[in-house]
Amino acid sequence: MLAEIKGLNEECGVFGIWGHPEAAQITYYGLHSLQHRGQEGTGIVVTDGDKLKGVKGEGLVTEVFSQDAIQELKGTSAIGHVRYATAGGGGYENVQPLLFQSQNGGLALCHNGNLTNATALKYQLEAQGSIFQTSSDTEVLAHLIKRGGVSSHKERVKNALSMVKGAYAFLIMTENEMMVAVDPNGLRPLSLGKIGDAYVIASETCAFDIVGAEFVRDVLPGELLVIDDNGFRSEMFAMASNISMCAMEYVYFSRPDSNINGINVHTARKNLGKQLAVEVPIEADVVTGVPDSSISVAIGYAEATGIPYEMGLIKNKYVGRTFIQPSQSLREQGVKMKLSPVRGVVEGKRVVMVDDSIVRGTTSRRIVTMLKEAGATEVHVIISSPPIKNPCFYGIDTSTKEELIASDRSVEDIREIIGADTLTFLSPKGMIDAIGREEEGETRGLCLACFTGKYPTEIYPSTLHPYEKV
Amino acid sequence: MLAEIKGLNEECGVFGIWGHPEAAQITYYGLHSLQHRGQEGTGIVVTDGDKLKGVKGEGLVTEVFSQDAIQELKGTSAIGHVRYATAGGGGYENVQPLLFQSQNGGLALCHNGNLTNATALKYQLEAQGSIFQTSSDTEVLAHLIKRGGVSSHKERVKNALSMVKGAYAFLIMTENEMMVAVDPNGLRPLSLGKIGDAYVIASETCAFDIVGAEFVRDVLPGELLVIDDNGFRSEMFAMASNISMCAMEYVYFSRPDSNINGINVHTARKNLGKQLAVEVPIEADVVTGVPDSSISVAIGYAEATGIPYEMGLIKNKYVGRTFIQPSQSLREQGVKMKLSPVRGVVEGKRVVMVDDSIVRGTTSRRIVTMLKEAGATEVHVIISSPPIKNPCFYGIDTSTKEELIASDRSVEDIREIIGADTLTFLSPKGMIDAIGREEEGETRGLCLACFTGKYPTEIYPSTLHPYEKV
Amino acid sequence: MLAEIKGLNEECGVFGIWGHPEAAQITYYGLHSLQHRGQEGTGIVVTDGDKLKGVKGEGLVTEVFSQDAIQELKGTSAIGHVRYATAGGGGYENVQPLLFQSQNGGLALCHNGNLTNATALKYQLEAQGSIFQTSSDTEVLAHLIKRGGVSSHKERVKNALSMVKGAYAFLIMTENEMMVAVDPNGLRPLSLGKIGDAYVIASETCAFDIVGAEFVRDVLPGELLVIDDNGFRSEMFAMASNISMCAMEYVYFSRPDSNINGINVHTARKNLGKQLAVEVPIEADVVTGVPDSSISVAIGYAEATGIPYEMGLIKNKYVGRTFIQPSQSLREQGVKMKLSPVRGVVEGKRVVMVDDSIVRGTTSRRIVTMLKEAGATEVHVIISSPPIKNPCFYGIDTSTKEELIASDRSVEDIREIIGADTLTFLSPKGMIDAIGREEEGETRGLCLACFTGKYPTEIYPSTLHPYEKV
Amino acid sequence: MLAEIKGLNEECGVFGIWGHPEAAQITYYGLHSLQHRGQEGTGIVVTDGDKLKGVKGEGLVTEVFSQDAIQELKGTSAIGHVRYATAGGGGYENVQPLLFQSQNGGLALCHNGNLTNATALKYQLEAQGSIFQTSSDTEVLAHLIKRGGVSSHKERVKNALSMVKGAYAFLIMTENEMMVAVDPNGLRPLSLGKIGDAYVIASETCAFDIVGAEFVRDVLPGELLVIDDNGFRSEMFAMASNISMCAMEYVYFSRPDSNINGINVHTARKNLGKQLAVEVPIEADVVTGVPDSSISVAIGYAEATGIPYEMGLIKNKYVGRTFIQPSQSLREQGVKMKLSPVRGVVEGKRVVMVDDSIVRGTTSRRIVTMLKEAGATEVHVIISSPPIKNPCFYGIDTSTKEELIASDRSVEDIREIIGADTLTFLSPKGMIDAIGREEEGETRGLCLACFTGKYPTEIYPSTLHPYEKV
């Protein structure tokens, strides 16, 4: 549903736990806390040491899992997934974790990210007789593992990982062990925690707080963790190189209470707001942020400038898949779905409206209009990231340049389109500094590809057009 | 679900529209914006000038109404309701609007509030042969109207209203007109708006903003509005007296983007925060508010004191009726459902935690513990209202004194129970001034009964024990 | 769904049990065995001695009651109902038992039949201020009971029964007793049985066999049974007069394994077939019956004539509310829904097709066509009842004369319309003799009103047009 | 649900249509008429010439397919399946048709029967890296086809068929053609029909009657039909050998209105009854059959002996997946679920009870007891097939000898266990003659393996224990 507001969607969140009597239920709460990373499908697979068993479905965590379903998932270890449906298309089949049963045992996988060479690999595998159940890139890894020959399971996983490219945080589970891997560029976050003797893995640390787990450390780029009843062992399946954590994780995707590589997201955003105050001095009466991601930024901006922060925009809640969309005529009459302006706050005021990014521009235009109709005399839009000029191939739903308003327009053109009095984007350097990482680097680099076009991994023709037949 | 967090629940929100081709769908959006006022049941009744027709069910607006259901509700006028289930018990039957068909036509009613003499009236009506379909106090008014003899419908409504006591905002609809009434003390909010030529009525003005309606004016205490295809006519069915708008509407219930009697709720809350800054000077590192109602207060407090506002607590979303409750063992392990602390923000800090009220104290204790476990070195709790010492009989779910932690305990005792380093409540006078109304008064009084025990209407023995047989 | 096949629908089956620890579940099985009497709604109300509690819904018994729902219905006594929706219209509200809660306790009612003066009574009651929750005639009795003044509950029930006219088999339950009543003409069947110390009541004795109950006796016309923890007591609330059991109960409605007033339905039907053999000698190769009601008749006819009985028509099963209706074009292509011919049996044969009645004639025409298309060289239709010329006002859905093909047409005209080679109806006398009752009489009369127009009770203008306002 | 009654379950029915604008809806009706062959899951896949698309689910045809779902299945050709869940286990994944998408197009398969070498083939395929999505033997064929190398699709299908053994009737569909194949022994029925220019395929001819199709001919053992927009072409993929149509198709599985290889099932059953009359002369008062499969037999027996046929047992309808099972205590009290005796028919009578087979004996014992409790003075059980002594490996759910009461017991022992006064099985020769086929033969042989232990195909160790790992 965020699609409409933002046009920016990530494809996944993952959660896993090894060695806890209530593994499925803890995974349920973990996934619930990661719901913002994907609302279109979710699943859990458990192992009881003997057999893998799963439940999955389209919809929210609270829609897919009933009390009965969770109780049926007896087992002491589990992996789970929430998903946004773009990559590979929708449908029950594509909901993860994918679960493959064979006469030698089961294999369950889920992942966050996007493989850039999935189409090419799939083509080769099908030519060799592989049948794919899904249109998901995740399944490619399963086939690579299965075709890995006579070596040990771990070797086969490592060999398979050596063939895939792109951004990924994988959880792979058999009856007896869980494997965890992050791509060598570290494009997607993944952290390790502990509840008593049980290990937990999650895309964001907020999941640890929800389930009462203690943070241990982040999973490293190129690292393969093997977790079983003896604890966990680490080895590198590839050299980490050109570390590039997705900048938009800080700016937009992650929950404010998560820490990514040791940096708290709310704090990073507040710093973005303070940096904006430095870069963009505006005379105004109130500062307001577009909920939820820009509230922290707006508060930082208000604190730094002294302009009072006000709740000028309210997000409507309880919006799920079954929400009835207004007809065109109602939309024209001003029926609002996601956001409404607080007239009592903005009327007669010069408003600074803080947002995290502009993708297609339609949402920004709608919000500016809304604020003006509610009586704002001026609306100054400030954006806590640079203009997005390039598509992301690492799991964020901005697949083509054509959709990106900034790909071929000046800031002034965009300002005019969205109807703001002024429009300012944060500078790349300001963003990097505020977050507290580096543009590139061995340990603290950021992926800025959507702003700069500089992709940290190979990109293939089939990545550019993933749904066409090669 | 708020029950667990707060122990404070109101019973209803109402919405009505007269004279619009998409009446049902607009009511759907209106109710959706009032969802915070009641999440346990909802219904819509429409009239097409010839017949009343309704759909209702237990659950959220998005759960109860399907696209098909809304399309079936053809008609140009509608009333709708969202409800919290306490008063009168749960069950499909009690979901409003109540719809009564007779050979002379239909009658639909819904209301927000609570009648203090419902039990006595019901007893008398049953003795005369009335059969009640529901355990709701709303139905009492329907019987009084029906038994009103040969006078006109409007006279019968007025006579019926003259017999009920307590707090109410009623919507009453027949095939040809809608009647709207607020109790003579004005205990519950109700406002009139317009979309083109159509009139809309809502418990809160936020509903107007969502559906693109223009605010016209508040419905007055003791006023009966009759709306039909000729417009609206107003008359007083009772003298307004001792105006007493529920103070908790400002402090807790209403959405920040609503205006109640001309006062914006977010602004009122921010003023409560500023007033707290005057009354409670604290040395601390960060200010945080319990979402959602105390965010505005905390921002006001931060602005006035200069202590930075931080997002120290996050509310988990997507929680609906189907959310699986954690087992006792998981609860003890620290699994959180509604709120989680932001470790990166509170760790090592002296925290001011702002909340709107303390009912049973269990939630406050849980939050204080959560913050300390997340590393807060001190937790100073400040409350934006005085201690709640008395039950409410006007539609808020605090039915017995025994449940109220403040009914017989000192502030110091409560502080110890909740484990805070300091605890301060706002003074009654501070609250009144910050909101900008008066303790009593002809036009701008507040009901402070839950704080002071001074009830603006008669209270009967059967009001005190509404569920026992007389 | 039978509506389409036959155009004859009855409105109800009732089941009750007093004094059994698994009252709700037994009622579930009892209602399931009565499902053929009504498939559009069903409900169960239980009492645990302290409170009445119910579950009801639209659909089949297996659709409405989940395991959980039945387990929630704790109590030792119960009444239940299956319903066909015509009288009083559809909708959840009209599903029975109706349950009325008051401060003096609850009252649950359900009934099979139709009150001929319901509209007039309702009009009077509404004029006195009664509010009706439903459009069902059953509710009229509830209001009459409630308005019965200060006398005992039993006296009020008897007084109320003295005011209603028509056909009925009522079950009335309070927390502490169940009352059972049949109209003075005995138009609808109702029997008393026993399981251990528990008493059971059912519209048909097949329900006793299903739940392992022993048949005790039929409830008498004009009898009021009061059942409570002390057993049952009988008294007459009215003199039985002009006993008139509905003939169509034998011919069409009841299950073949039920006994009505001591006569087994299958046996009665077989006798109808033998009587047809006497009245209608036909030269043919095979006899076939329209399932299910005419199978027994066809077997009797075959046995008496020596023409072999064959399964020439098959009924498709598993047809429920969710069955997708074929489009007009598919219908024209010959897609069949309810019945299909057995080509291997009828091809090249002269077929006697036995059916129980002809209402509108459309079904008969369809079946005759079907048989001919499957290769039957001749189709001789014999009907095990006389032509239906008059509407039924006692609970069978043939409300207007216009719908009845036989109301103004000769047998020859009907034959031509349905396309049969010959068409013969059973004579009234033959039907009476075969069933083994009498046309009129103190104890064994039959209601033949739909054939003869001679109604055993008063009929009012409002009975004729029940849905118009008086 | 028949499992409990009979202990005999077949796994499937298939239906296909090529070249009709309402392909999905016709398939819906076709599957509905085959519902008796499998009630646990069903699916439909359509092609619009460009893409395969499917809907499937667990439950009945009327439960799985909504109107909307069928309308979404736009396309001019379709295959569908109903399934009984035993072979390969339950679960959504195993519901057929299986649908595999690849970059070269889609492949959909469904089948009726059982492959005896599936486990061995699967083991080999997995060793080569194949990943199986299901535990169904059907998927093995898909992998064999996909791995078939560079030859044409038809060649790959033929090669794949040359590797599988056992009993099967396969439907295989791509975007552009449908392939249809029956095993060389012809163990499972499959027929070809026509609606206008469209071809239809069905497990039983009753499906043709329902959808208004004309019978063309049976699909031959070893035949591969290729159907596309140019019509159909036939070729043999294997020499037909040792033709062995499953005898139980006539005795139990098929609908009476179907013809199998030109023999009407109702007629065959009636002949079985007549043959029983020759083999088993009994002095009795009434003949009754266990519904539904033994009704025809009982009628034949009655006709031949002159003992009147009566409806002594009634089957309860409307039983679906959601039917609540009676508790043990209710079962002991005599609550009946599937069948009830007709007391009015059997009381005081010597009853011949006809059934089609005895598997575990529990059902027979229950029915005999039921009849005696209802007053039958003698119960003579006659069975229209010989004793089942051996498991079936061709798709009928009698997997182990241990379950079969007749595997190691004399007829007298079985009689004593089921409590009958006499018990007689039909002789093998009598059964063969009555059906009108031969024990073995080039064109009209019957598979009698379950009676004789003489299996027409190879049986492997893994066939005997299909669920153990090899």
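Order as written gives the chain letters A, B, C and D; numbering starts at 1 within each chain.
Please note the rule applied: contacts are C-beta pairs under 8 Å (C-beta built on N, C-alpha and C of every residue); 3 or more make two chains touch, one makes a residue touch a chain.
Everything numeric here is computed off the predicted structure, so don't read it as measured data.
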Number of hops, chain B to chain D, where each hop joins two touching chains: 2
Copies chain A and chain B touch via same or different residues, half shared test: same
Interchain centroid distance [CA atoms averaged], chain A/chain D, Å: 49
Centre distance in Å when chain C and chain D are each reduced to the mean of their C-alpha atoms: 36
Mean-CA-position distance for chain C and chain A (Å): 61
Of all residues in chain C, the ones touching two or more other chains: none
Pairs of chains, among all present, that meet the touch criterion: A-B, A-D, B-C, C-D
Touching residues on chain B, where the partner in the complex is chain C: 92, 100-104, 119, 122-123, 126, 128-133, 135, 142-143, 146-147, 469-470
Chain C contact footprint on chain D (complex, rising order): 22, 25-26, 28-29, 32-33, 35-36, 39, 60-63, 65-67, 70, 195-196, 206, 209-212, 255-257, 259, 264-267, 270, 295-296, 299, 303, 308-311, 314, 316-320, 322-324, 326-327, 329-330, 333-337, 340-345, 374
